[in-house]
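You will see subunit A twice below: alongside subunit B first, and alongside subunit C after that.
Moving on to the complex of A and B:
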């Protein structure tokens, strides 16, 4: 066996008495693609920060490229060839691609006078390494997420990197962009660069990595070859729980559709959408990012009112021009972006839960009924099993999965009859994902609620929906019961 | 004991302001006890702070939404000038203002405030001009109207019956102006703490987008808030008219910045979404106590007042930082 590039043995680290890492070990071979997985708070970020010199370890040994690394800084890590690409990429949005790429080299060389010519040369060399086609004079802030990531990767490669750590690199990427990223990762591997790929997405782990390591609550659960891993095992290692997921079968459908659209159109986004949603069913809507799926949800909820066509509720034509109109019709929306649309992050969990139903929490005199508010908060914290000691804590203190459950609770508290969810489990850990799916299935079965899931997570759609609509360029291109269609067919309609 | 502790934990900023106030009161007791601790002095303080205190209440509400109201002085001056003109008109040839007309004047004051506030609110909520620019523009506009109305001169020839009444002390003890302030403060407290408005206001200030996605009528909330602020400022203008017994286009121009200083000192986040009325009221009183205290030292020029106010504001911020009050900076 060849000499390991990175050998971390029995690493320990604690913060304020809480052990974040308990004797974990990790070995990465040169040119290997290794996947590190685990739920939020399992210690994977802590380990990355130890490897990259941000934190000092409390115990254990660390060897990189044959050298023992003791008490080193992030700069030492970089000069030794360890590069980290964080989720936010750490790029300067107000500078051009060229300036972003040349910045570190210029700083390292302690130059005080800027030469555009020299900077351009440095930048051209950097993007050439991964065949990245980009306008070097474009402002980074105007680039797409995927392009920003490419800038960050190009920059990382400028320092003779031997190991590149990517922290959840696919979170904000579309399917196509993920594929492009994987191509680049394979190219880097050919050049002998090892990649530590941090992700909790199962399909990505299978597709890209050769070996994997899974952490849970600061401990190493398993490490091995990806070949020996399957869906069930992966989930079990991640959560320590076994799930018996059932494919959703709609029962007790209403005879009449509770929500129907006829030739619904939003200029520039979607046209002639005619769909029917029955009470008790879960309808899946899928499509690429620009297929109009997001805007369709926004139109049904009145954020971006449709410009043409009709919406019918229980057979009656209705007008939805504002979110208040939608709420009067008992329609709720769990929006796509939890952080900027769904949650008041710095505000309390309690206020986030009750905000949509707040007008119902008044006494007949119009006074805010604090007792009723507290009852609602207690009820939903328990119902959604929110992991918090105190509902007055800020929502930002919770994990993505718990946060999404707050948004869900906010709408369920309004007793909707139609619930639209846009990307309900994006950025949610795998355990919470299963829980959220179970909640939705139960709602449809038990309460007769009509649910629309808008998602590009195809396994999610196939497992939880009874019917699926596929959107492409703003039109419905196909509709099928989920039992009669598979992922491949859906993708062929999407593209 | 645990109740007190809990209260401290949820209001650390308030207790720090209280500590500064107590320290200042002790300092005054040691250095100028007989000049500062007189009934007359406290009565003057109570009669003087309501004018900028009222404006501060309005600025506080706007800042909780993540906005600001720079138009309070303009609204106040317009109100006091229009009131002076109205009083002259209502008194007619006799030159004596009958008490029966007082309610009319109060209603006019409230309407002027509400209209000015609604105008700012429309600019902010519908035209989507950043609040700092919208209210600055409204302030200049209103000051301009005042200039045109008065030609820049002070209006002092108007019947003084109502202003004298407002400047009086009930039973020789309680200033009427203090009562007006307390009434408005109680009303604002009621809105913030006893109705759903307070919760909605702070959430709106955290994120207007999330508020919209949660079904809140964000535009109406904003307009309503700026209207309330306008009403507070208009009442402040009426108080100013009674203090100076005259009206001018450029009275109280220092209040624009002073109200912001008070509101931030009171623990309201300039980014919106955070703040308590108790802190702001304490800050209003503290600022007046500082000013009044400094005036007891003959050899310290009143030019030092801004220096000390600035110092206190920075001190309060640094204390928040040092004690690691993460919630106040979140």
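Moving on to the complex of A and C:
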């Protein structure tokens, strides 16, 4: 066996007495694509920061490229060939691609006077390495997320990187962009560069990595070859729990659709959407990022009112122009971007839960009923199994999965009859994902609620929905019961 | 070619310039041909000197992602201390010594701001609000400021010396173009070079765009802010000095309150209030627009008491339009992306 490029042994790190890493080890071979997985708070980020010199480890040894690394700074890490591409890419949106690429090199050379010629040369060399076609004079802020990522990768490659660490690089990318990224990763591998790919999406782990390491609560759970890994094992390693996922089968459907649209149109986003939602079923809507799926959800909830067509509720035509209209019709929306649209992060968990039903929490005199509020809050914290010691803590103290549960609780507290969820488990860890799915299935089965899941996570749609609609360029291109369709077929309709 | 034309049309500077042209034609028309006269143009240029120099300093701070509201107080204190000291020692020499002294005091006071904003990483707006009060207090308390009706001869001579004199052929009115205009030009050129051709200047843009990335890229963020505030202090002190020379008296409080219009002009010229974006050209055009409105209302037949209403309206509409412009540019950029994506299919 060749010598490992990175060899971290028995690494320990504590913050204020809490052990974030308990004797974890990680080995990466030269030119290897290694995946590091684990749920939020498992210590992945802490280890990355130790490897890149941001944190100092409390114990253990770290060897890179045959050298022992002790007490080193981020700059030392870079000069040794370790590069990290963070989720925000650390780019300057207000400056040109050329400047973004050239700054590091020029500053490292302690230059004082700007030379556009030299900067262009540096930038051209950088993008040539991964064959990245881009206007060097464009402002980085006008580029797409994928292009920004390419800028960050090109920049990382300029320092003779031997190991590139990518922190959840696919979070904001479309399927096609992910594919393009994987092509580049494979190209880097050919050049002998090792990649540490941090992700908790299992399909990606299977597709790209040769070996994997999984952490849980600061401990190493397993490390091995991806070949020996499957769905079930992956989930078990990540969460320490076994899940029996059941494909959802709708029971007790209502005879009449509880929500129906006829030729619903939002100019520039979707046209002629006619769909029926029955009580007790979960309807899946899928499509590419720009297929109009997100806007459809917003229109049904009155945030971006439809410009044409009709919405019917229990057979009656209704008008939804504002979210208040939708709420009166007992329609709830769990939006795609829960951080900006669904939650008041700095506010307490309790206040976030009761915000949508606040009208119901007053005494006949119109005064806020504190006792009733507390009852509601206690009820939902228990119902949703929110992992918090105190519901008065800020919502930002919770993990993504728990935050999503607050958003759900908020809507369930209003007793909606139609619940629309846009990307319900984006950025949510695997354990919470399963819990959320179970909650949704139970809601449809037990309360007869009509649920719409809008998602491009196809396994999620296939597992939880009884029917699926596929959107492309703003139109429904196909509709099928989920038992009669598979992922491949759906993708072929989407593209 | 087409691309560069589009680039020009997409920029705030173009709209500010167009607004300047439209406004000047309107004034020309309404005032019976009084705008485009040699003496009026020289008057406007002369009125631009002090706000223009202030604007350059303010522009730097805004690009770095902060706000400086202390520059009028800083300038007042620097120039008052200098003038009083020169009068006390019966200084009768040239302009150089007082100029050096005022710049030195400006640098010192700027370093005060820079220390708190740069090294202690405090919010620039809060620090400069406090600093403004401190500077005023020192001037009024420690220096016991009152109006100085006489200023040293060297300063007076500089303030009254003219590059050339313009005469209105109709009315026979004359206006002198002050020598100080050259100082304004020099400050602009120096600032342009600093901001666009040195890594110190690019660092100001970088940290206005994303401070964390700036640090990661290897910029010394703390030192950059510190030095920038020293420079801004020096620039502001020069502006205050020129104002005193041109007015030929030193009034301790009459610069105070200028900060709002200066900041408005800079923002009007396209500098992003969130930092990181804007050009010096836009900054000067925006300031010129404010100066022109302030000076030319009288030519339009609008009573001077209404001046502030017009300036205020201009700021709201002007910044509103440029905000819309940015919004539209973003939208068309995202549309272009979707189109190329579809084209790729």
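Please note the rule applied: the second predicted complex is superposed on the first by the 495 of 495 C-alpha atoms of A that agree within 3 Å, B and C clash if a C-alpha of one lies under 4 Å from a C-alpha of the other, contacts with A are read in each partner's own complex, and residues count from 1 in each chain.
One rule holds in what follows: contacts are C-beta pairs under 8 Å (C-beta built on N, C-alpha and C of every residue); 3 or more make two chains touch, one makes a residue touch a chain.
The structure presented is a predicted model; accordingly, all values stated were derived computationally and were not measured.
Asker: Would you sort A:90 into first (subunit B), second (subunit C), both or neither based on which partner it touches?
Answerer: second
Asker: I'd like to know which partner A:56 touches here: subunit B for first, subunit C for second, both or neither.
Answerer: Touch status of A:56: no partner.
Asker: Going by the contact rule stated at the top, is it subunit B or subunit C that touches a larger number of residues on subunit A?
Answerer: Subunit A has more residues touched by B than by the other partner.
Asker: After superposition on the shared chain, which partner residues are touched by A:114: those of subunit B (first), subunit C (second), both, or neither?
Answerer: In the superposition, A:114 touches subunit C alone.
Asker: Once chain A of both complexes is superposed, is A:368 in touch with subunit B (first), subunit C (second), both, or neither?
Answerer: first
Asker: State whether A:492 touches subunit B only (first), subunit C only (second), both chains, or neither.
Answerer: A:492 sits against neither subunit B nor subunit C.
Asker: Quick check on the superposed pair: does A:319 touch subunit B, subunit C, both, or neither? Answer first, second, both or neither.
Answerer: Neither partner.
Asker: Touch check for A:356: first (subunit B), second (subunit C), both, or neither?
Answerer: A:356 sits against subunit B, while subunit C stays out of touch.
Asker: In the superposed arrangement, what residues of subunit A touch both subunit B and subunit C?
Answerer: In subunit A, no position sits in both the subunit B and subunit C interfaces.
Asker: Sort out for me which residues of subunit A touch subunit C in the complex.
Answerer: 74-75, 90-95, 99, 103-104, 106-108, 111-114, 142, 144, 290, 495
Asker: Any idea which subunit B residues touch subunit A in the complex?
Answerer: For subunit B paired with subunit A, touching residues are 193-196, 198-200, 202-203, 206-207, 209-217, 273-274, 327, 330.
Asker: Residues of subunit A touching subunit B in their complex?
Answerer: Where subunit A meets subunit B, its residues are 301, 303, 323-324, 326-327, 333, 335, 340-347, 351, 354-356, 358-359, 361-362, 366-368, 394, 396, 410.
Asker: For the complex, give me every residue of subunit C touching subunit A.
Answerer: Against subunit A, the touching part of subunit C is residues 196-202, 205-206, 208-210, 212-214, 216-219, 272, 275-277, 330, 333, 337-338, 341, 345.
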